[in-house]
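Shared chain: chain A. Partners: chain B in the first complex, chain C in the second.
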Partner chain A sequence: MNAQLELKNLTVSYGGKAVAENLNGSFGFGRLNLLVGRAGSGKSSLLLAIAGFHTEFSGQILYDGAVFQSAGNFSLTFQDPESLFFNSSVGDEVEYSLRMRELPESEITPRAQQWLQRWGLDPENFYQRHPFELSGGEKRRVALAACTVAMPPIILLDEPLAGLDANGQKALAEMLNQLAYEHIVIVVTHEPEVFLQSDSSVLFLREGQGSWFSGNEFLRQAVHDRDFYPLPRWYCHAMAPFAAAPSLPPVNAEAVASFIAREKKHADQL
Partner chain B sequence: MIILDKVSFRYNEKSETSFKLKEVSFSCPKGSITGVIGGNGSGKSTVARLIAGMIEPQTGIVTVDGFAPFNHTGCCGFLAGIIFQTPDNQIVGTTVAEDLAFGLENLGVSYDEMQVRVRETASRFGLGDMLATPVHYLSGGQKQLLCIASVMIMQPSWMLFDEPTSHLDPWARDSFWHTVKTFAREHDIGVMVVSQLAEDLQHFEQILAFNGGSLVFNGPIAKLRANVEQLPWFRIPDAWKLEKILEARP
Partner chain C sequence: MQISYKPGNSFLYSLNPLIKGGLCFVLIMFFSLNGLQLPAMAGSLVALLLFAALGRLPLADLLLSIRRIWFLLVIVGLVQGFRGNGFEVVPALESMARILGVFIAAGCYLTVSPQSELMFFWETIFRPLRLLGLPARELALVMVIAVRFLPVMLSEIDRIRMAQIARGARLGKGGFFSSAAALMPLMIPTLAQAIIRGEELAEAMEARGYRVSGNRTRYHRFGIGFFDIPAGLAALAVAAIAVWSRMP
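Up next is the complex of A and B:
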């Protein structure tokens, strides 16, 4: 899949004030597209503009070269999506959007069950349960499954990790990485470190401007300069001596440890 | 001092947290920042609600500075102010200034003093130029700051934070901790923070850890760190893990 979601001279405003000006660039398949920035920098507004809910913008949003028709082609999950549950079973919750799209009745349940399975929730165990009985991580996965089951090309997620414990965050990040092979996934997040791979794409909104980085460039800048982006301190501390290395490891202890071991070995050989 | 003596609690109806808190006992003195940790559904938020006096223990006794918080809230306000995870549920005013003033109005503070305290608190939290701003114009992080400010303005003797940093951007997280530490130092106030972010651990001095509705660890952070191998439920933060791996190498 080579289609891209492209922003052309896009300026998003909020209440008459431009929050992100003149954005040019694109979101693609095969990697997560991260959207980061301070509170109030326009991340959510940009997401809503792509979804067609926020119309206060100028410039263009193109999909595969044509103006993006949002209706039916995206799914958007808000912050704390589980607070929007309105059905009394997990199954009904996931089936809802298929039903709204008038899929044949015989296809709905199998497809919903298959999709739950993909999100790591065994349908036999979960289908009839009340959403409120689930743990926080499970609820989040049900909410995301319900939002994505109709398989739209564009998936927009507003802080999918907030409120989850560390294990839940890690598991969810892996699932989202998988999802990126079949959808254009745009993730607004304050924890880019959980997702960042060297090939991730990062759109960083600050002071009304947007800059695009590869995961690697972003990590490098952040290690240099905490004001640029405050990554976890232990990572910046551990990486400070290796600022010149061509590619930095992802933000987890094992990857950092093996990176340091490799660099040391390399230095010894020289 | 917060004391829980053999406190148990279970929610009756099917709710977000249909689990049981099992005979929890601990005491927590003022003067240090206590972290309450545990995974989703471990019971940590329920403990915070018991201390704030929002729910009554079914068995056992909860006291804050010698008073039972559940009865106290009925007559004289909060012994321990609480900040929730989702700021939208806690904002009551239509503008920043109104929201800040709400608690003071209910405590019967005079108009003049209210004005002073609203201004002073707003500027301390970086909301000084937003007093007239309608609350729905605020971003998620700004709303959270407003919630904190609106409780701090009432000067409770304890502050409880239920996952305060989970919706903040990382710059705001840094400044949140700065604010809380300054506040804890300058005022005679006890601070208890419920959190599951590994990054927050570095800010805690004392730890209460919960798992499956039971208190499984109570002590200083250094002790938690030293015994971390024996705590299977605890997900070791990357920072500790890395140090360990590097130390093990020749």
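Up next is the complex of A and C:
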């Protein structure tokens, strides 16, 4: 997939005031695209502008070279996506989006079941259950499955990790990483460390300006300068001696431990 | 843009909460019940906005917040417009002006009234109910919480609406029954959220020591100030115009 979602001279305003100015760059397939910044930096407004719900912007949003027509081409979830549930079974909830797009009746259930499976929920166990019976992590996965089942090219998520425990966050981040191979996944987050891989793309909004980084560049800068972005202290501390390494590991304890072991072995060999 | 209390120091802010509430009530009744023609209604709306501007209220925020009720305005306009033979513009615009007037008057009131004043107003209004053995203070609290949560719920509805549209929902499309059914993806989650929020608020208030009891003191005390008398007279004048416009 080579198509990209491109921002061209995009300035997003809110209440007449520009919150993110002159953004140029692109979101692509094959990696998570993170939108990071402090509260009020314009992350959510930019997300809504891409979705077509926020119209206070100038410049262009292009998909595959043409102006992005949002209708039917994106899914959007906010914090707490399980608040969208209105059906009495998980199956109905996931099927809803397909019914609204008027898919043939014979295709709806198999496709919904297959998609649920993809999100790690066995249809045998979950399909007939009431969404409110599920655990927090399961609810979140059902909600995200229900929002993305129509497989639009663009998936927009506003703080999808909010309210999940560490294991739930990690599992969800892995699923979204997988999803990024088939969709352009754009995630607004205050916890980039859970998602950051060296090949992630980061659009960092600060003081009205947007800067683009690879995950590796972002990690490196945040490790050097805590005022730039506050990554967890333990990560910055562990990474400080390895600032010259070609790429830093993602922010999780296992990856950091194996990275340090590898770097030490390499140093011993030298 | 949410309508909620925004600190300020104009004459509107300094009014006694009873006068403020009374003035708002009269304005709401005026826009709901008056028998004025469209030009006079439009003039009343402009006068209300001028009044708000004089009181140094954030007019831009108030006007932007009208976006939240555009759907209601359109529905009311259509229903009223089609009441006669074919579509008539004047009754449609008149009914929309009424809704706008009520919305702006209530918006001004909420912008200049902190929670303590709202509570004081509702408590005073409900005081006679104590004679019937009803819990006036608790009823007042229910009213204040309902009013305070309105902007939160509106923004919640907006979020749910956008997310459901992204899922393919066609909210409010089709005939009466089919459009009511199509609104389910909006209505059920909104109701569920309201119940969840209510429960959380009740727990939070109990955790902070709130109990149903008549033995509570008042932190804020409100007197009659310089602008209260002219404001009270203005309220009487507005009420008189509404009654006069309805006279045969």
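As a working rule, the second predicted complex is superposed on the first by the 270 of 270 C-alpha atoms of A that agree within 3 Å, B and C clash if a C-alpha of one lies under 4 Å from a C-alpha of the other, contacts with A are read in each partner's own complex, and residues count from 1 in each chain.
Keep in mind that, in the parts below, a contact is a pair of C-beta atoms (placed from the backbone, for glycine too) under 8 Å apart; a residue touches a chain by one contact, two chains touch by 3 or more.
All of these numbers come straight from a predicted model, not from anything done at the bench.
After superposition onto chain A, the partners chain B and chain C occupy overlapping space and clash. When the two complexes are overlaid on their common chain A, residue A:74 makes contact with chain C while staying clear of chain B. By the touch criterion defined above, A:216 reaches neither chain B nor chain C. Contacts of A:162 after superposition on the shared chain: chain B is touched, whereas chain C is not.
Once chain A of one complex is fitted onto chain A of the other, the partner contacts of A:130 are limited to chain B, with no touch recorded for chain C.
Contacts of A:15 after superposition: both chain B and chain C are touched. The partner that reaches more residues of chain A, of the two candidates chain B and chain C, is B.
Once the two complexes are laid over each other on the shared chain, residue contacts for A:86 go to chain C alone; chain B is not touched. Once the two complexes are laid over each other on the shared chain, residue contacts for A:200 go to neither chain B nor chain C. Within the superposed three-chain model, A:147 lies in touch with chain C and out of touch with chain B [touch as defined at top].
Overlay on chain A, chain C versus chain B, candidates 3-11, 93-101 or 183-191: the clashing stretch is 3-11.
Residues 15, 83 of chain A lie in contact with chain B in one complex and with chain C in the other. Those residues of chain B lying in contact with chain A across their complex are 14-16, 18, 39-41, 85-86, 137-142, 163, 166-174, 196-199, 202, 235, 237-239, 241-242, 245-246, 249. Those residues of chain A lying in contact with chain B across their complex are 15, 37-40, 44, 79-80, 83, 130, 132-133, 135-137, 159, 162-168, 190, 229-235, 238, 251-254, 256-257, 260-261. Against chain C, in their complex, chain A makes its touches with residues 15-16, 48, 51, 53, 72, 74-78, 81, 83-86, 96-97, 99-101, 146-147, 150, 156.
In the complex of the two chains, the chain C residues touching chain A come out as 1, 60-61, 64, 156, 159-160, 162-164, 166-170, 184-185, 187-189, 192-193.
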